[in-house]
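Same chain, two partners: subunit A is paired with subunit B first, then with subunit C.
Now for the complex of A and B:
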């Protein structure tokens, strides 16, 4: 491996405040009971800031602010004016893109290359895309004058903090709803910077409210009687709890939950490209991706060359400082997540799968996990069934296309899938049969604001992105 | 001795997998002056097995084929129009139900274009979203015949298969509909109809882990509706809640009863030479 000189992105572009309140009704306010928690850089365990922990009284206040803004301002505003606010936000995000990217990498641990080239550009693109819908809703196919739902409660995960915020807030606002959003407790900072951007855009107070906190804050928000809509991205367990909690109410719900995607490589696939796709599928964002290609299904006839090539490629992945522009794999987001990855990986070994990682020096401080593959995995192994949400790939084999389909679909999840083959008719045959909301053929982990994303089965319901993404925020 | 001919009475049975079994429990009850099968938990499970087995063939059939079969159902309904009226249904409702069935039949090869399409992504990729059936759908059907048709037809026209629980006090039109379906080239198992008491059977259907979605249209008891929705969360079924106020089934049905049981699949592929 070549020695690379360090190429760190400068932190100077970001000004992190020592403390952040809750963003309610257009202003930062102290939490009612004065509770704060710390957010750290997972690559160094350095404390970045302290952030307010919203209790029920704070959630109440935020929902009331959102309701007032909905009734008095936002739902009455012509779509063309809502559009202009969203365009403003999109533009400010582009202008402040580097700042957002650095802050995202600091708080989340993801490589700057990904926050700079993937997350933040997609955030801006989402706002730009949905801005244009705000004054065209009557042409979206949901009737001549579709109505918004009201106040949306939105709870997002830590893996793509600002991108998940954009997926939630952009369509909600375009459709005429107001929102109360709770970012994940380990990654609140870009959401709070986004609150400043809302101020900078002169967005009317109360249209966007940000309440920080952990699971209890999220529960108070989604169970609040004053919300009309719940949008949640996170674990399937929490998604089921939310689905139960709204039973009997009129709240509309969309859930984007876990996955255990199969990435299917046929013998006629261009192996070098497939290996790039496998690596991107499971090691992108440290594998903290709900649609990660965490189960590799390789046709038996090419198992040896694919594995050899994959191992060669993995040995060249650079794990380390997220702010270094050459880094491929950054830090695991939290100690708790690292523990989960370690536990499931240990179970993989105990259940008889063979574990392999390239030689890899990991930093002393922070949370790190070397890219890892397991071979000899069977469908009964927990590492083939449970979402690990880390840089851990389970490798299985198949002989026939029918067997590949059977194995790929043998999961309660159904978020995404990958297919690698040179044969067009086989791609379409596979795509028809894979029970997953997104099928990437000869590519993987591609996202776009125009393209609907979401799961089958226990990966949740509803779609985000595209015209479909509007439906979640309209009374249809 | 009277000249009146002694009528041949009909035994009203369940409809599972294209066959007309009695309840495995051997139970029956009296509704609309007839003995009707009282379906059990085991009948629910058998019906789900039949519905699951029918998914591959029905969802894999061409849209044109499904449309023709549904249209054939409407033809058979028309032929039995007087029989439904003889059950005490208003003629206008029967006519509306037949027309509603024809309306849905035509959607089989149109919904994909209306509800899916190409996405102009910012890169050199082919990107297409298409709706697909969610799988096995449970239906707690309303007592009205038009309501029954208005929940079964939208679920199956897109390729789902269903297990329908009929209203306790109004099962006869549903069983007669089953006889229509059985003679319309509809593959066995696509529609399964269970008469009996939904308050007894619906919890098993709502909690069944091999059911993908449930329509609670016929549930009027709010407590039952809530508990069914809670049970449905166990495997994240797609749920249509009962309407907030008594629905008027004559209203324009819109697309939502179809789209609620569709999954959008988005396929990406790079463009290049």
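Now for the complex of A and C:
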């Protein structure tokens, strides 16, 4: 037996302070009412730090600081100078990449391999990419001199804490806006380290403000009269509430919400790579991915070999300590999320789907869920319709390409889809018909700052990334 | 594989058309995906006890190779001594799997290795190009076996393969296998000349269908030798072949594997693709020469805690 010895990444590279204030106007400040909450390591339930809980007065202060920085400094600064700051931030992120990766894994529970090889490199890439746009906005296709919107209120989820921050902040700043960002309450630490990076980069005070807190803080921020733009990534329910609350106001909104993506495997697919794509589609980041390929649609003629291959591959997944460099699947981010995954999985079983997980030892402390597949799932099962946001795959079958499209589109969501086939013409045929913001062909969960990302239907509206991503932050 | 069962496998080699239909019916290989998977496995971090275990296994899997026009009995004898006792200072260091030489050097190697348990492998079949008439390839093989080689590393007919004459490739391998008698046959695909992963998969199946005991990546004589993704595709092939037929075939990447780090990446690839059953010198080999000293250097580093200079390891 080739047993891999533990290969833990060192925690010593990151210095976690016992307590963090709010980042307002270029400095860390105490919250007005002195409230703090704890953030824990979901892999061990160990308390990592205490973080300020921003109330309405704090949000007010942050929005005022962002407004002042917008009026006096950032909106007046030539694009090439804004670019210098963004390039500087991107370089510091690269230089402090290991520190950010370890902190992300500690606070979120994701494997260090992912934070090191995916999240943090993409974060830097986003800042580099949008830095390049800052002085070229007149060539972006939005008129000769597109104007920024003003102060952007940005609320981000816990699944890719720093990456979602980058998706929000980099284009906003490049376009000349200032921001107030609220990270998720379970994963605030990398955003606060990013605040330190803004200081290190000498970013003018007030251009980036970070207010930590839970749902109430987010509500105060998006409902604040002083913000011009709201960008939200998170659940569809909260997205709908935000859309309602800003209806009739001048605020522009982009929403990136849930998904229940179909990953469609045709009989002529490269099976070994398709199985990798299925695994990557649903088990990447413990399935905490809005565009996760959570519905596998397999052509009936290859159902058995695909399923056998998938099970064999799943038996090789290494679940455990997120800081171990050989871990494939880390911890579920919170007790609440674990509960939701368990509830929906139990419903899957009760509704008659067959549940399977490879044998795996889960750690005693922390929040864990074994990678799981359900076979015999139909469109009528709740696990085929509702977003589970965990390492749980529903397997369905289809007979013809037309049926595949019909089933793939039969969901209120429309964020992403995957197509596996060796036939180029079929990829184009499918991409034409799938109602999803991203269609991956013979790959899954591939991200690049140059490529726009966003949803159809209840998966939201607006695009992030690429030239399209600038539009959300320009007055066009 | 999807539509074929073990029972009708014999019919796939009944005609050129049947063989072509079978090979072209194998699932394709997506280049990007295969390379990504191999690269991901290359990031596994193998430390301490796992590394020590992997190094000793890798040493036991080395086919210590010299295939030069300048080879002499003296050179081959020196290499055989190294094969028996790779680290003269440390009796716990295992022997390598085999010595791999040209047919003319087989008698020297066999004599020098007698009683050691180290196998004598000989390249044959007009290695490395294979561009000779079949009778000469067979005679080459028989001569090597007669001289004492118990493993034969043959090259496939890439010219025939690339022009789609799959049955010819198959029949040649089958004939060489017969000429081998009791000797084990390793079938060199020369993947650098096949150039696509689809071709590698098809050639792997031809080699296995024709009775090869091992499939091997390369001769080491063309610019592109063993790579991780090519080896991944071949390991998938032997895994699938055993699922279908019950017969296990070995894999030997050769050429370009020079460091311990590289060798460990291959072992991880085997472990996470085909599993334990292939983590044995009977089923996985490294065709290499310089690799051995790096393995020894890392082995010494693990036991003593310090790196020793190259002068502390024997020349081969």
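In the analysis below, the second predicted complex is superposed on the first by the 474 of 476 C-alpha atoms of A that agree within 3 Å, B and C clash if a C-alpha of one lies under 4 Å from a C-alpha of the other, contacts with A are read in each partner's own complex, and residues count from 1 in each chain.
By our rule, a contact is a pair of C-beta atoms (placed from the backbone, for glycine too) under 8 Å apart; a residue touches a chain by one contact, two chains touch by 3 or more.
None of these values were measured; they are calculated from a predicted model.
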Following superposition onto subunit A, is the placement of subunit B relative to subunit C best described as a clash or a fit? fit
So, does A:295 touch the first partner subunit B, the second partner subunit C, both, or neither? neither
At the CA centre of subunit A, how far apart in angle are the CA centres of subunit B and subunit C, to the nearest 10 degrees? 120
Quick check on the superposed pair: does A:442 touch subunit B, subunit C, both, or neither? Answer first, second, both or neither. both
Can you tell me whether subunit B or subunit C touches more residues on subunit A? B
Have a look at where A:260 lands relative to subunit B and subunit C in the superposition and call it first, second, both or neither. neither
Look at A:452 in the shared chain and tell me whether it touches subunit B only, subunit C only, both, or neither; answer first, second, both or neither. first
Once the two structures sit on chain A together, report how near the CA atoms of subunit B get to those of subunit C, whole Å. 5
Note: overlapping subunit A surface for subunit B and subunit C spans 442-443
Subunit B-touching residues of subunit A, taken from the complex the two chains share: 125, 141, 143, 236, 239-241, 243-244, 246-248, 250, 255, 257, 412, 414, 427, 431, 436-443, 446, 448, 450-454, 456-458, 460-461, 463, 466-468, 471, 476
Within their complex, state which residues of subunit A touch subunit C. 1-7, 113, 117, 267-274, 276-277, 301-302, 305, 316, 325-326, 422, 442-443
Touching residues (chain side subunit B, partner subunit A) in the complex: 114-115, 117, 119-123, 125, 127, 129, 134, 212, 222, 225-227, 229-230, 232-236, 238, 241, 244, 254, 256, 259, 263-270
Which stretch or stretches of subunit C touch subunit A in the complex? 1-2, 27-30, 32-34, 36-37, 43-51, 53-54, 236, 267-268, 271-272, 276, 279
